[in-house]
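Dropping a structure here in structure tokens format, bear with me for questions.
For clarity, chains are labelled A, B, C and D in written order, and residue numbers in each chain start from 1.
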Amino acid sequence: MSVDFAVDRQAWRHLADAQVNVELDTGDMILNLGPQHPATHGTLRLVVRLDGERVVSADPVIGYMHRGYEKLTEFRTYPQVTTLINRIDWLSSFANEVPFMHGAELLMGIEAPPRAQYIRTILTELSRIATFMLFLGEMGLQVGALTPPFYGFRDREHVLNLIEAATGGRFHPNFNRIGGLKDDLPWGWVNECRNTMKVVFDACNILEELVAENEIFGARTRSIGIIPPEVGTGYGVSGSNLRASGVDWDLRRDGKPYLVYPELDFKVWTHPDGDSYARYWVRLQETREAARMVVQMLDRIPTGPIMAKVPRIIKVPEGEVWVETENPLGQMAYYVISKGATGPFRVKIRSASFSNVSILPWLLRGVYVPDVITILGSLYFILGDIDR
Amino acid sequence: MPKLPKPKAPGLIGGLGVTFKTMLKGAVTVQYPHEREDPPTRARGVIALKEENCTVCMLCARQCPDWCIYIEGHKEKRPPRREGGRERTVSLLDRFDIDYALCMYCGICVEVCPFDALFWSPEYEYSESNIADLLHDKEKLGEWMETVPEPEPLEVGAETGKK
Amino acid sequence: MTELALDVGWGTILAIKTVVVLAIIPLGAIILGYTFLLKMMAHMQSRLGPMDPGGFHGWFQLFGDGIKFIQKEDVMPAKSDRRIFAIAPAVVVISTFLVFLVLPTGPDLVVSDLDVGVFYALAVSSLSVVGVLMAGWASANKFALLGALRAAAQLIAYELPLLLAVVGVVVMAGTMSLQGIVEQQQNGAIFGWDGIGNPFVFAQIIGFVLFLVAAQAELTQTPFDMPVAESELVAGYMVEYTGFRFLFFFIGEFGTAFAFAALAATLFLGGWAIPFVTDPGWSNVLGPIVLITKIMLVAFLMFWVRFTYPRLREDQLQAVAWKFLIPIGLANILITGALKVAF
Amino acid sequence: MADDLEREPAADAAQEDAVAEEVSVEQQLAETDEPAAAEQARADADEADAPPTEEQAAGESRPLDETEQELLARLERELGDGIVESADAFGMLVVRVKPDAWRRAAEVSKRELECDYLSFIAGIDWQPAPREGEEAGGDTSSPVQPTEMTFGVAGSVGRLQVFAHVESTKRRWGVTLKTDVDERDPRAESWVTTYPGADWHERECWEMFGVAFDGHPSLRHLYLPSEFEGHPLRKDYPLLARVVKPWPGLVDVEPMPGEEQPADAAASAEADKGDGADADKEESS
């Protein structure tokens, strides 16, 4: 497949027009998908120029949820920042906290104790399961099946209960502290977790049977929204979306070692097709893989403290650090610049969905309206993760 | 190259089977106003205030990332505890409001409180139809103290006995 | 004098029939809506559905919804074609209403037993596409327009397989009168065994499946619900409707489902006919109950599919119709005809 | 290669905490990954110097490891004197290039370093933004940054910089590139032709920092409404939420009648440092 990287200037002019949303006498129809539209799960607006039902050009308009986190972090101390970054990707909040905490710990020269590292990894994988579980159900809804999302929600609930039992918050755990964790696990949590992983495996099987193996679902998703690997990387598409294009790149394995991933035995799933079906399939396998990893880790949690020795007032020494992790949605990274104060000087939040969605204008050209929804669904973005 | 597993039955039939089986099973939902789910002990539902422990040190109000805690206080003289001791000055609360419309439920205030005056309670039924009514005063926060659970035991392998 | 009395009698009977048929549509819609939309779907999704309204398992929910809809403000979009916008829901409901005129629920319980009953029923049922187009056009909304255009394309495409599926039955029965088809099924025999008569579902299993698939498309139900497609077109042609006009569409949707289920039950499951009961008196009493049972059975199949499957794309839907259903339907007629001649 | 990278942070941790002799011991312990031993090592480190102080500025003087050296060598081969400075920041190579080599740096990274993956492009405003006195409204909760302008890893000539991170999905390495931007006429070369994903990142950088990108096809607002004025992420742009509302952390304890204000200001300043709690305790007991 040949790929043109050069920007189509003509298309850009169209997009600029579409932005103003003035109907010009071109014979095309401009359709506003969103900001309030059931398919965009959040306030993403998609200005689509249609020729019949075929998309001529599409321009995502984002920013309806922009909360200015990069600015806000400059006015917060390090412990206060955790509360904010929880809300970037609100479906996997715990996973958002980890890289930031890791960055601050690197700057301070602290290392969390092994038990804390294990619990962090378990909770990160749990939030990955929770996120993907929702996706696996919701993707069904995007292509019109009413029932799968309920199964997704139903079984995700078990995982959320686990997270809540350990951290106190279903969605916003705020459980990480610089140097460790707020608390240890409650009594009986490990057993509970083990049982829940069985539920997760069952749920994956159910959703596979109900959605992935359905011929209609296959017809709707196969060879729809193909992202060639070189285009995907150029746009900064990451995570499962990139692995579904056959790029064997997972920061848990390939990045700088963080948490306890180097000690774990896991497989990085890829799919050669790069279409919507491949993205669904990869996430399905990664959910199972995550559950397997959790089971592995539950047997190995070491004993010991959960908090390293940390000064009472957290002042982070001057320096810059770049910490990237493999979050459920893709590469989540923070570029933390500290000047020795109690709060960061500048934090560049590199969120996965932002780049994942930036490929939409390229990807949506020439598809049908129903496929727009399929592609949006299969890219799987969280609005908070786009707008930050 | 991963090969997709061959489906056992046609996917269309299998899907029908899944929904039919689920239909025969019971529901998993909770009929909320009639029955309630118990949140776990640690659930961060609402912040309760033990007024007698508060010394108006303002730490919580300062550390709050949202600036949603409002405190006012005054000082009073109290007779000495021991015979012949010095007269004590105590700080008493006049006002302790938390604006739950702003609160992000991060728990920083509970953690920084040096005198254990703030606690998390799993209570969750305090919604209001008017956003201004979410500003709760110290009497209301004090009522929630009853719902604060005992801390639960920790998992095997946890280090007990805090330093 | 007697003539006059007869006239009055005839008029009264017609009035009663009309009222009954008029009542069947919302009643059928509510029965289907409650049983399947609210309850069956809920249980398939591990939920309970509404439990409070009316006390027992929320049976009053849809009545309550209806009352709520009637109370709502009648909103019309500023740029809409107001008259057409107002008429459209009625057109949809009327087309459903007309179907019930020829549906027999007992040996004598039929408004009008037309000789071309099947033909008539299918013809009027496809009138609803006019209403849908009117609604989509008059709403002055892009989503509604897209939905209406999709609906038109789809309903027209699926008329054909629907018709072809029925032709097999007509060939077997040798009549187009619905009453005649029911009687044929009651009096027939399967290879000489007349225990349960000869419901055409056995001989015409292909036709039955074809009919259900095509009916699914006619009803714009998943997997053929692109015209409403809530995840892409929000609600398609209904997107601008509120209040009692939306209620009309709702009644139309489930009333039509009831009508198609009734047609399927009549054509393939023997309608009101009950095995072992040949007495017309008893048949008149039990007929409606039996028919309702069979309707529920068919409706269960239709809604089961609706709540399980994802939806196809518009071009795939056309492909299914023209590449699969129509050839299969034609082959079915051919085989049926050949067998009919042979035996 | 992963091993090289792995060792780096551990070494950093050691370097921060202890004197030279202890480094090797701690490093060994950290690598053996034995909880008890690690705990012991940490305790030792804590005794030595628990809170790392500002003097131990991180990153600057660390030598480059093999991967980084190779990356730098490849960059130097192509860019020549386009490279101004390079440094290591916790195992990541940071290279500052001249503004006119910015686009070439992207092309070289893509071609020679095989960095096919664009992680982000963003801006930095190095101008200090201390909030004190009147401006802060008494707020001592927000972190107070140093008042003099200092530049981070790899330095800068002026206040504004653009930086980007690219990675290789095949070789699994990455590099951060920085370039200086003139404050009076902030512009940089666009990367869109090399990395199509740069489009949105540059739009974001343009609206947040006011840095124009030459060659970008359409610099439009990304997050903010099109009539928005100002560049919110610049340090001189106030965060209105913190300006409009009075800080609720101001001590509002009425003193005893006839008593002088009992050093409230001092108490509050101390309380903020965490010692205030003890002070209050003494007061009340």
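One rule holds in what follows: a residue touches a chain if its C-beta (ideal position, glycine included) is under 8 Å from a C-beta of that chain, and two chains touch if they have at least 3 such contacts.
Because the structure is predicted, anything quoted here is derived from the model rather than measured.
Subunit C and subunit D, compared by their mean Cα positions, are separated by 66 Å. Per-chain CA centroids place subunit B at a distance of 53 Å from subunit C.
We define each chain's centre as the mean of its Cα atoms; on that basis subunit A and subunit C are separated by 44 Å. Separating the CA-averaged centres of subunit A and subunit D is a span of 23 Å. Across the assembly, subunit A contributes residues 76-77, 115, 147, 151, 154, 210-211, 214, 216-217, 302-305 that each touch 2 or more other chains.
Shown for subunit D are the residues that touch two or more other chains, namely 141.
Under the contact definition stated at the top, the residues of subunit B that touch 2 or more other chains are 12, 15, 18-19, 22, 28, 63. Taken as a contact graph, with one node per protein chain and an edge wherever two chains touch, the assembly fits none of the named shapes, being neither a line, a ring, a star nor a complete graph. Chain pairs recorded as touching, per the definition above, are A-B, A-C, A-D, B-C, B-D. Contacts from subunit A toward subunit B in the complex involve residues 76-77, 79-80, 82-84, 86-87, 115, 147, 151, 154, 157, 161, 164-169, 172, 174, 182-190, 206, 209-218, 269-272, 281, 301-306.
Listed in rising order, the residues of subunit B touching subunit C in the complex are 12, 15-16, 18-20, 22-23, 25-29, 31. Contacts from subunit D toward subunit A in the complex involve residues 2, 5-6, 8-10, 12-17, 30, 33, 35-36, 38-39, 42-43, 46, 50-54, 56-60, 89-92, 94, 116-120, 122, 124-125, 129, 141-146, 150, 152-153, 163, 165, 169, 172, 176, 192-197, 199-201, 208, 217-218, 220-225, 232-233, 235, 237, 239, 242, 273-274.
On subunit B, the positions that touch subunit A within their shared complex are 1-2, 4, 7, 10-12, 14-15, 17-19, 22, 28, 39-44, 63, 65, 104-108, 111, 120, 152-159.
Touching subunit D in their complex are the following residues of subunit B: 55-59, 61-64, 67-77, 88-91, 94, 114-115.
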